[in-house]
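Below are structures written as structure tokens.
Presented sequentially are two complexes of chain A, the first with chain B as partner and the second with chain C.
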Partner chain A sequence: MTDGFALSCPIPDPGGDIIELAHGGGGLLMHRLIDRMIRPGFGLPEDGVAHDGAVFEVGSARLAFTTDSYVVRPLFFPGGDIGSLAVNGTVNDLAMCGAQPLYLSVGLILEEGLPIAQLQRVVASMRKAADAAGVRLVTGDTKVVERGKGDGVYINTAGVGAVRSGVALEPRRVRPGDAVLLSGDIGRHGIAVMAAREGFGFEGDIASDCAPLAATVMRLIDVGIELHCLRDPTRGGLATTLVEIAQAGGVVIRIDESSIAISEPVRGACELLGLDPLYVANEGRFVAFVPQHAAETALAVLRGGPAGASAAIIGRVEASGRAVLLDGMIGGTRALDMLSGEQLPRIC
Partner chain B sequence: MKYVDEFRDPALARRYVEAIARIATRPWTLMEICGGQTHSIVRHGVDQLLPPGVTLLHGPGCPVCVTPAESIDTAIAIAGEPGVIFCSFGDMLRVPGHEGSLLAARARGADVRMVYSPLDALAIARETPDRQVVFFAIGFETTAPATAMTLAQAKRDGVGNFSLLVAHVLVPPAIEALLSAPDNLVQGFLAAGHVCTVMGYWEYEPIARRYGVPIVVTGFEPIDLLQGIYLCIRQLEAGRAEVENPYRRMVRREGNGTAQSLMRQVFAVRTQRWRGMGEIANSGLGVAPDYARFDACRRFGYVSDAPERPTECLSGEVLRGLRKPVECPAFGTRCTPERPLGATMVSSEGACAAYYRYRRPVEEPV
Partner chain C sequence: MTDGFALSCPIPDPGGDIIELAHGGGGLLMHRLIDRMIRPGFGLPEDGVAHDGAVFEVGSARLAFTTDSYVVRPLFFPGGDIGSLAVNGTVNDLAMCGAQPLYLSVGLILEEGLPIAQLQRVVASMRKAADAAGVRLVTGDTKVVERGKGDGVYINTAGVGAVRSGVALEPRRVRPGDAVLLSGDIGRHGIAVMAAREGFGFEGDIASDCAPLAATVMRLIDVGIELHCLRDPTRGGLATTLVEIAQAGGVVIRIDESSIAISEPVRGACELLGLDPLYVANEGRFVAFVPQHAAETALAVLRGGPAGASAAIIGRVEASGRAVLLDGMIGGTRALDMLSGEQLPRIC
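Up next is the complex of A and B:
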């Protein structure tokens, strides 16, 4: 037995002088990298509007413009592949600006040795996804890098869309009293990709939710819902998205945990791996902030969309502040935080 | 979800909370041993439901948190050896030693891979016979049997390019160390259900007798935890100090004999340093002499006996239950999950990380 303890835990400040994977994880480190290095480097204000895309006027038209790069291993997974992901991801970023997506560019970075048949599958998948979303792939670029310098295929897409008149979506428009809606169940994409990558055979196939969201968003606008903010909870999951909006909008968001739909297989996988489904990526879901009086109408529209059966009102905006509070199933309340770095499976 | 939802039933939780309030006639201080329990308590807000006099202290049962920084330094050094593939559980990758973390080592070019089981590391060794594959074997009696099985297979099949950096730790000696400290506050323990699944609970019976503390074998769901707290307080109120096992759906008194004999075969009990708690006699597992050639320290010529360096991190006091994470002046300011001063802020099972994620004040600017 020891006689007394050394009361120290010797850890120095980590250096932070090189890029680590966590800088791309969609969490705090990425936000800091963008806010403290990239934005100032480009001469942009540090506290600029954080959004999925830029909105600007050209003549009499208001256009939304966005870009995203897609890196996923494996290239093909249940429910999608890097091609459908690259189209839907950018389509969804435009939709979150309240824009009807119109045109996409495609940049392909191919690794030497990639089977042509795989590229064919990716290209066909992009075409199919574009047709489904009603966008045209109009320009592009192809580069090949040496073997070992890429994971088969990297894709960048940029997109242009026409913003619906009278629509202005941003966190600062979120008001106390707003209802928070979620368009479907969460966690499918992240778990589907992880299961495919790591070779977990989960009972009950988990397919990615990868899907275009523009049609549902346009229906919300068409029925006259006053939308305040839309956001798709991709990397970092629902929790990170809500925290981003609470911080950018200066509000407290209160969420009812029991109202968030999570499928049984996703819950099971998360329990097994020690992951929190609130932080797992989605590629075909969005949260909508609407005035309380419009909540039921908006919910009816969401329920008519794909995966709409599990759409729900998950909470409300309470007061000025900068926090997300989750009322748990058994009565406790916890504050949600952004994902810090990568979400890593627990040991035991 | 079957076997989960039953143990998160709000109505049943309320009944337990009421029962605890009814029987607790005075303040009691309990400690849950395991970081998984801490995570569940804070995530579900179990501690918020308890009467004010009942205090939960969070014990040293997070395998990542108690792995000494010197072991991580050795891990990073071995990962940097030419031709080495270094395999670790995901949790461990982000914990900094004195010279950064394994993730940072990977960013600098080391071949560090996350695995879900030591058997995955052994498979990598079989597939790449021209590389040295090292597995970072950490954790309590829960992960030790899988390490033991892997080591036994490696020896049986003569996998010569596989070795282990072992930092396994044992729960009962840590409990005794806590109880024998002069400033001990703990009046009752919730033992870690999964550790007892492997080891049984016979080891705890002499501890309960010697120190006069109730020890209740407890699971990880909110109802399990509330039941454990209820039974612990019921013993305290009655002046009893016994080992009680309400986690009978998993745990038997003798535990898993196969796992235990495998552990005895490949490991030797040794004195082990715990991060923030110092050295505790007989609290760790090393590679047994018959398996010495699979010891990575020996294979690569490393010995780690560097002294612990002082910092402002209070995790030693947090791990012993003397302080709550929020009582640390660095909590949430100079110490965050992105820039941790201590391992308790890194792992999702660490008490500080659990508090940081779930318990920061609402209006606090980020």
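Up next is the complex of A and C:
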């Protein structure tokens, strides 16, 4: 997931006078808010590099540090819940920094009236997800707000991980000639949450892809692949993630639409709902930029990951620039933009 | 601030079926929820030690890691705002672990309709507080929820700090003979927030004590004081904090009420409102347990801290046990309990 404070694109408009839902949608308006107000307000460079987390050294340790709040609605959906999402999301942000996730903090904001049995279910889910990802929930905080000032449970997790030696992942390291890999099929999380929220009939067929990605990333590092950049395409979907990397890395990325795996149920749901799957959120997928010569080896590793055979090489980096070009399945090429407005609020 | 997941006391009742405001109040009900459900749910020992954060080693670095969410209402109050609170609160939790605070993450949960100018004011306040405390805001996340699902801004901060070599602070290290020091007068934060919320006339006279405590703690360490336990008495106030330490440390603490500094305006406001200042929240004060022979040196350091001359030696640890005894100003001794119910919701 793109760190909310760490992406830049050159947009003149500050994004309005009041907060709208789209300011949290992962698209254009969110980037405007962050780049033109929050980052400068915190004294961070306005033209900062897109990151999933901060990397710094303490003593001999090179650490990654990241945070995300989770406000998904409904709390429970096929394939996951706010608890597994809150663990896996932060585990994955650490993994995208090339770090082995180690420790997580948990901040709970509970709404008065929440059944304690629901909280218990969320806590159990966090424990299970943490065990599966090999991280420890070590510190936390609990706050309660009045009825009508929250929505059941909001969860913040922050994570600390140990960055693997010699690994430096950022869009600026992406270069012409790199292969672009995608670890699996797209669109499952967004459609699963929307279906659960709206009570659509295809709910049972589509489960969120919510999963920990750290083991797969560590394997890529262990087999010696020279990784340039990793990113999980959550809010804003695959298209927005690729545009972020193209803009921050100063490159033109060319994608072959036919190579992007989309399951039949997701494709059908998107057609029914008028959604472009390229902009639908994912929670257990990532894109990897690697040198062309390492692409096949990396692909073999990805096919051993959570999404298995649907992992694919989906394109390449062509030149300096700031664009994403999509070669369509039925011919023609179009430039992709970031998500504009918001497709589905509170997806994570 | 006491870490919400890290305190234990032997209470049979699980705390009800639904979340009540008191579950976030810092008192008895919060401890029941955490000890009987959240900690066991996360696989942490139910009889864990009270902590303000987790301490672990990565490579050669000994790190402290802590988190808190901030839901204070109103957002702005005399002496601070949700932004300065969110920075200082986490800085202070790291300091209570004996750690030099280094890096903070920021998770923002914004309510649709929030004026961006208000957010800007909060961001500027966080920056100023971070600069004053010598920490860096390095990573973050922004979410937006619909109108009526939040309350302007909720902020989570997590923090990473470097634990000073040779320092290990926990209630179990408190022992009979220790002196109990308090870094300043009590009750300012709770009264300032309540006054701002309710529009009481004494608002202007009482400002929150919200302040960073790390520099004072580092000075205590640097002058060579053998620190046994530090704790900042936030939610639940000084009384609850002392009871937590007595229970977790297995000691009897005797406090001399006349040595506890309370400003005249705070005392007057408490009388007017029927509040016991011992249970009113603080944000820039801490208690320190040190060997008797180091008490005067420690006191001199505390008097150089934010609260200056109001720092005092307020008592001593007498024996093994699990109680806090208060010798009253007008004679008589009473045992203190934790805050029961909740005095003032959303104080931090």
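One rule holds for everything that comes next: the second predicted complex is superposed on the first by the 326 of 348 C-alpha atoms of A that agree within 3 Å, B and C clash if a C-alpha of one lies under 4 Å from a C-alpha of the other, contacts with A are read in each partner's own complex, and residues count from 1 in each chain.
In the analysis below, contacts are C-beta pairs under 8 Å (C-beta built on N, C-alpha and C of every residue); 3 or more make two chains touch, one makes a residue touch a chain.
Quick caveat, the model's predicted, so the values are computed rather than measured.
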item	value
Which of chain B and chain C A:A323 touches, first, second, both or neither	first
Partner chain(s) touched by A:D205 [first = chain B, second = chain C, both, neither]	neither
Touched partner set for A:I19, first chain B, second chain C, both or neither	both
Greater chain A contact set [chain C / chain B]	C
Partner chain(s) touched by A:G41 [first = chain B, second = chain C, both, neither]	second
Which superposed partner A:E111 touches (first chain B, second chain C, both, neither)	second
Partner chain(s) touched by A:R334 [first = chain B, second = chain C, both, neither]	first
On chain A, positions contacted by chain B and by chain C	1, 4-6, 14-16, 18-22, 345-346
Residue ranges of chain C in contact with chain A within the complex	1, 3-6, 14-25, 30, 33-34, 37-38, 41-44, 51, 53-54, 56, 58-61, 63, 65-71, 102-103, 105-117, 119-120, 123-124, 126-127, 130-131, 137-146, 148-151, 154, 156, 158, 160, 162, 345-346
Parts of chain B lying in touch with chain A, wherever the complex brings them together	1, 4, 8-10, 13-14, 17, 36, 42-49, 63-64, 69, 89-94, 96-98, 100-101, 103-104, 106-108, 114, 116, 138-140, 142-143, 173, 176-177, 180-181, 194, 222, 275-281, 308-311, 313-317, 320, 336-344, 347-349, 356-360, 362-366
Residue ranges of chain A touching chain B (in the complex, touch as defined)	1-2, 4-16, 18-22, 28-29, 32, 198, 247, 252, 264, 267-268, 271, 274, 321-323, 325, 328-337, 340-342, 344-348
